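Chain IDs A, B, C and D follow the sequence of writing; residue 1 opens each chain.
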Amino acid sequence: MNAFFQASIDGVLMGGVYALAALGISLIFGVMKITNFAHGALITVGMYVTFELYVLLGITPYVALPLVMVTMFVIGYLVQKVFLNPLMGVAGHNQLLLTQGLAIVIENAILVMFSANYQSVSVPGFETAIRLGSITINKPKLVAFLFVAIIAAGIYVLLEKTDLGRAIRATSVQPEGATLMGIVVPRINQIAFGLGIVCAGVAGALLTPTQYIYPTSGNTYSLKCFVIAVFGGLGNIWGAILAGLIIGVVESFSALWLGGSWSELIVYMIFILTLIIKPTGLLGKKG
Amino acid sequence: MSTARIQEANGHAAEETNFLGSFLKKVTISTSNGKLTLPQIIIIGVISVFILLTPQMLSNYRLNLVISILTTAYFAQCWNLMSGYTGQFSFGHAAFYGIGAYTSSILFVDFGINPWIGLICGMMVSGIVAALIGYLSFHYNLKGDYFALATMAFCEIFRVIFKNTKALHAASGVSIPFSKKFALMQFGSKAGFLYVAFIMLTMITFGLYKIRRTKMGLYFVAVRENEDAARALGINAFKYKMIALIASAMLSAVGGTFYAQYYLYIDPTICFGNTVSISAITPCIIGGVGTVFGPIIGAAIIKPISEITNSALSNFVGMNMVVYGLILVIVIMVMPKGVIGLVQELRVKMGKKKKTEG
Amino acid sequence: MKRLNKVLATVLASTMMATMVAGCAAGSGSGAAGGSGSDSKVIKIGSVHPLTGNYAYEAQSIINSQKLAIEEINAAGGITSMGGAKLELVVGDSQASADTGASETERLIAEGCSILTGTFQSGVTLTCMQKAEQNEVPFLVTVSNNVAMFENGFEWCFRIQPNADVFAQDFIEYISAVKTDDIKTAVLIHEDSLTGTDSGDIISENMASTGIELLDRITYSASTSTLSTEVTKLADLKPDLLITIGYFADTSLLVKELNERGIKIKMVCGVANGGISDSKFISDFGDSVENFLDLNYRFNPNSDKTKALLESYKAKYSDDMSVHAVWGYESIYVIADALERAGSSKPEDVRNAMKSTNITEHVLAQSGAITFDTKGENINAAGVLVQIQNGKHVVVYPTEFAESELRYNK
Amino acid sequence: MATLLKAVNITKRFAGLTAVDSVNLEIKEGEIVGLIGPNGAGKTTFFNSITGFYPATFGSVEFDGHNITKKTTFQNCKAGMARTFQIVQPFGQLTSLENVMVGAFNRVESYAEAEKVAREMIKFVGLEEKMNAIVADLTIGDQRKLEMARALATKPKLLLLDEVMAGLTPTEIEECVELVLKIRKSGVTILMIEHIMAALMKLSDRVIVLDHGKLIAEGKPQEITQNERVIESYLGRAYKKEA
């Protein structure tokens, strides 16, 4: 019973981080229909930015978060502007291979700049977990979960309540129509990609207290994020969050009952079932 | 079959006053016309003879490179059949490749069954798996990115299963004893493997070239170009997508068996890793998706580049991959339709220039 | 933009042509370089490791130590039997992929390497060994502990490190010797790739002989982002002994989870564990990993040669020498010894010399000389039990190499 | 004359919205039937239901003496039902010839024969000049003609034309009218959705009118133009404009 509760809590907390990273994929796909295979590498970038700020300024990841967000936004904005916008009109497989190429470049540029050493960031007071009876709660993940909620809410407000958000949504529904309405679609794309990368970067930053930082450390999340984004319904914020939590819990329980090696299998099966039964995802509109 | 058509083509070429333009026109093979021109045949012939002579001319290392170009091109052609021709973009072709490799290797190592028979069995198993994946995907009408992600997930499922199942050698993989017997599908020298790879590539390329001028080939392309229209014209799109997928899977399995016999060791990551699927796609995109020679051109470009970056930058760790990645990115940005697409565009531009000048 | 594209296209096309032509020219040039004669002044040693990708850190440390060894040998006058010929390391990047590893192997052979070393990941190593075997160039394994690799009847391949079988057998033997009576139960947790499963299988089969009951065997994927559920399972089982086989990142994840939840285990022992035996592990976890054990290969702590080596490595690379790096270092000395005796850099001569290797002065923690059996395995390869004491790795068993007594948690 | 198509009670619902509501229609061999109605009246949906693109929620379709309610599009095409699309759906990267050949393969197996049929059909619609052009480069008018040639190449008994004249110049409309008459002469029955009233008046033997998914009138073109309900819902403005 104890294990059951513990696994639920661990699953939910991990799911929160997945959800945030997946939210970025979902946003990018929702607006530009780009399958961003560089997402994992950009999560790693988020980790290294956090790490550098920690080393240079001695600030914890949580304090560094605004700076990480700004940096990541700029990176995302530029990636879209320089690499992806010129390719917006052509067949989708080009963007796919391009993001794959970018992932290779980013990952190895990090290797060149920072070496392959395992780096870590420690937050004072976060080494031990919170204890509630026999249940323990990981502090960094709990804090990450709160940040995820705040950022998801922020993105929701941005998309639903602001002019910029309306422009983004209009672009996602129909780029041609948006152009006619005077929206500069390439710039909206850049902003949307920037926001998506902010999600990736923040997820990376929030992960730094819980794991080692090395040039390929974000890769583990890459495929899982796609699964979650599709499961939740591409382009759907709450869908991504819900799906992230579900996948987190499913992973946790399948690791408990079947062993960690098989948990991936369960995740991919859920993914395929989603595609077959409801390709628009958990909360996606009916197609 | 159609002398009129050839005459037409010739007539058209004669009109082309721009020499380079007409040359390019003759050299490129577009998706739409199916006939080779004389210069094309000559170029293909020269390259073929060159490849067949390489064992006499090149070191083992260069031969290995040529073999890896040929096999990569072969695997890319398999992908091209279903994703390029029929338009069903697969991101998990490693599944079929891996199943081919595993079937023949396990049959040989554990049951003593000859690899040649194992090759056939691998094709069968791969075909059956493809039928299953295809049924689930196409019956439920998965398309575009969704289909791509589904194939990727299927591939990952296979990787996890193979990695964790004792009967399938789990993480240990399968190591195949080295022999020099043709009967055991090992050809003693690199030259043997090179010839076999060359034959495989020639056959699949010839097949793709020929099929383009058949009912089935045209139906494949029609499904890619516009599935609704295809169905309205009496095409059972489901059936043709299934045929393309199963054929592609069975041919990919041959590539997998070849890999296993050449490298003599396979494990779940070697067979079902994401990089394997990408290795099938990259040459197609670089050369030109859906074209007959695009994948070969793509493989002939991308493989040497990766070799050169590796050897030139071997003392500067990581830079090799940075440069490789950058080249990949630039190539895609400059030639979104691949080398063949770019050449066609240049041809059109030159033609136009001539017209405006004249 | 269009103009830019055109320029880019031209640049790209010409670069491609140039590189391809250059590549072919280089190819025909180095065609027959495989067996450069004994009069050559430079002897090339190939080194294929996953310098990019998930294992870049470990691979880099191996390459570093190989370079260090080569510098030492060259500074001491090179290979005297060949007129003071100098050694040169030619580096290949396997990118953690088997076919890239194989093609890098081919490249290094084409560049005239007399012998190759590599490659850290067993799957890649095996593929590279197949290539070396076919090309009839000797291959010395730096790090890769899979047992089956040397069961293929290879004639050109050698390995100085203990294989997974030796690790597991030594573990069973040593743990039986050092365990106390209050250690009754154990849990085995390991990553599910070749490295983990190989030793894991043997240990779980033989655990009964130690008199300790194996409660469960938990596996996970090395690239996992969390081990919390695995640790939950572990906490419920309350073993006296935790056996862990894994790489650096995943073992650290495991320890982090244990610490956070305040789970104390009487005895934690790794088997060829990439985490516990790494000095960074101590600096990151401090007191919490005090008394952790690891059955691993290691340098001989009591030899002066080792002490000097550790210092010069640290001075040169400002990082502690990892356990993996030791094998990179020693591999070069084994090769230099073979070259010295062969008096030739022909791959065949080097192979024959390798076969009669008998090195008594080495930095390894094994009793007896480095010498190969018919399969090419180091006969005397052995592991030692290392413990973290006062923030340092010390060998505690077997007594021959022990620097200190084994400490038990109360 | 024998009945070629008999649609009974065709109803199509999308998530609560009824796009087509209990429509009955019978077409005799050799007829040209026009289908009109304001935008969103459910005309194209009705086409899609009959041809099997998405099956009707209720109702049954009988074609050439067989019940085809449950049949899919490609089966219907094999049975002799061909269609064009409101928005042209060409195989953009193929040549005109190849586009039409795809249709021709519905009846023939050999490549040479399909090529022969396709050439004939392209000549029939007057596109022989553009036989080897890539279709994506053609004008909309030519693409529409090509789409008709493609449909005709399947050798249909019934041809469903969905606004083939939309967006054409007056001269092109003229040509198109001629073409439709020529098609009828070759023995093909036609059901056409059309907004160009003048053309429809000239062509159709019978016109049916849909509004909000319901069939509101049916009869000879002249009768329809005088039908109060039709004028009220749709025709008034449009017909005056055309006239």
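Points worth noting:
Just so we're on the same page, a contact is a pair of C-beta atoms (placed from the backbone, for glycine too) under 8 Å apart; a residue touches a chain by one contact, two chains touch by 3 or more.
Just so it is clear, the structure is predicted and the values come from calculations on it, not from any experiment.
Counting only contacts among the remaining chains, removing chain C from consideration leaves everything joined as one piece.
Ranked by how close its C-alpha mean sits to the mean of all protein C-alpha atoms, the top chain is B. When each chain is reduced to the average of its Cα atoms, D sits farthest from chain C. With centres defined as mean CA coordinates, chain D is found 48 Å away from chain A. Chain A and chain B have centres, each the mean of its CA atoms, that are 33 Å apart.
Chain centres here are Cα means. That of chain B falls 36 Å from that of chain C. With centres taken as mean Cα positions, chain D sits 41 Å from chain B. In chain C, the residues that touch at least two other chains are 52, 56, 60, 192, 219.
Annotation for chain A: residues 86, 107-108, 111, 215, 261, 264 touch two or more other chains. Of all residues in chain D, none touches 2 or more other chains. Those chain pairs judged to touch are A-B, A-C, B-C, B-D. Residues 2-3, 6-7, 10-11, 14, 86, 107-108, 111, 115-118, 120, 127-129, 131, 136, 138-139, 207, 210-212, 214-217, 219-221, 251-253, 255-256, 259-261, 264 of chain A are the ones touching chain C in the complex.
The residues of chain B lying in touch with chain D in their complex are 1-2, 8, 12, 31-33, 213-215, 218-219, 221-222, 225-226, 228-237.
Across the complex, chain B is touched by residues 5, 8-9, 12, 16, 19-20, 22-24, 27-28, 30-34, 51-52, 56, 60, 90-93, 95, 97-100, 102-104, 106-107, 109-111, 123, 126-127, 130-131, 133-135, 146, 148-149, 152-153, 192-194, 196-198, 219 of chain C. Those residues of chain B that touch chain A in the shared complex are 89, 91, 136-137, 140, 142, 144-146, 148-150, 152-154, 156-157, 160-161, 163-164, 274, 278, 281-282, 285, 289, 316-322, 324-326, 328-329, 332-333, 336-337. Within the complex formed with chain B, the residues of chain D that make contact are 51, 53, 72-74, 77-78, 82-83, 85, 89-95, 98, 101-103, 105-106, 109, 111-112, 114-115, 132, 134, 150-151, 154.
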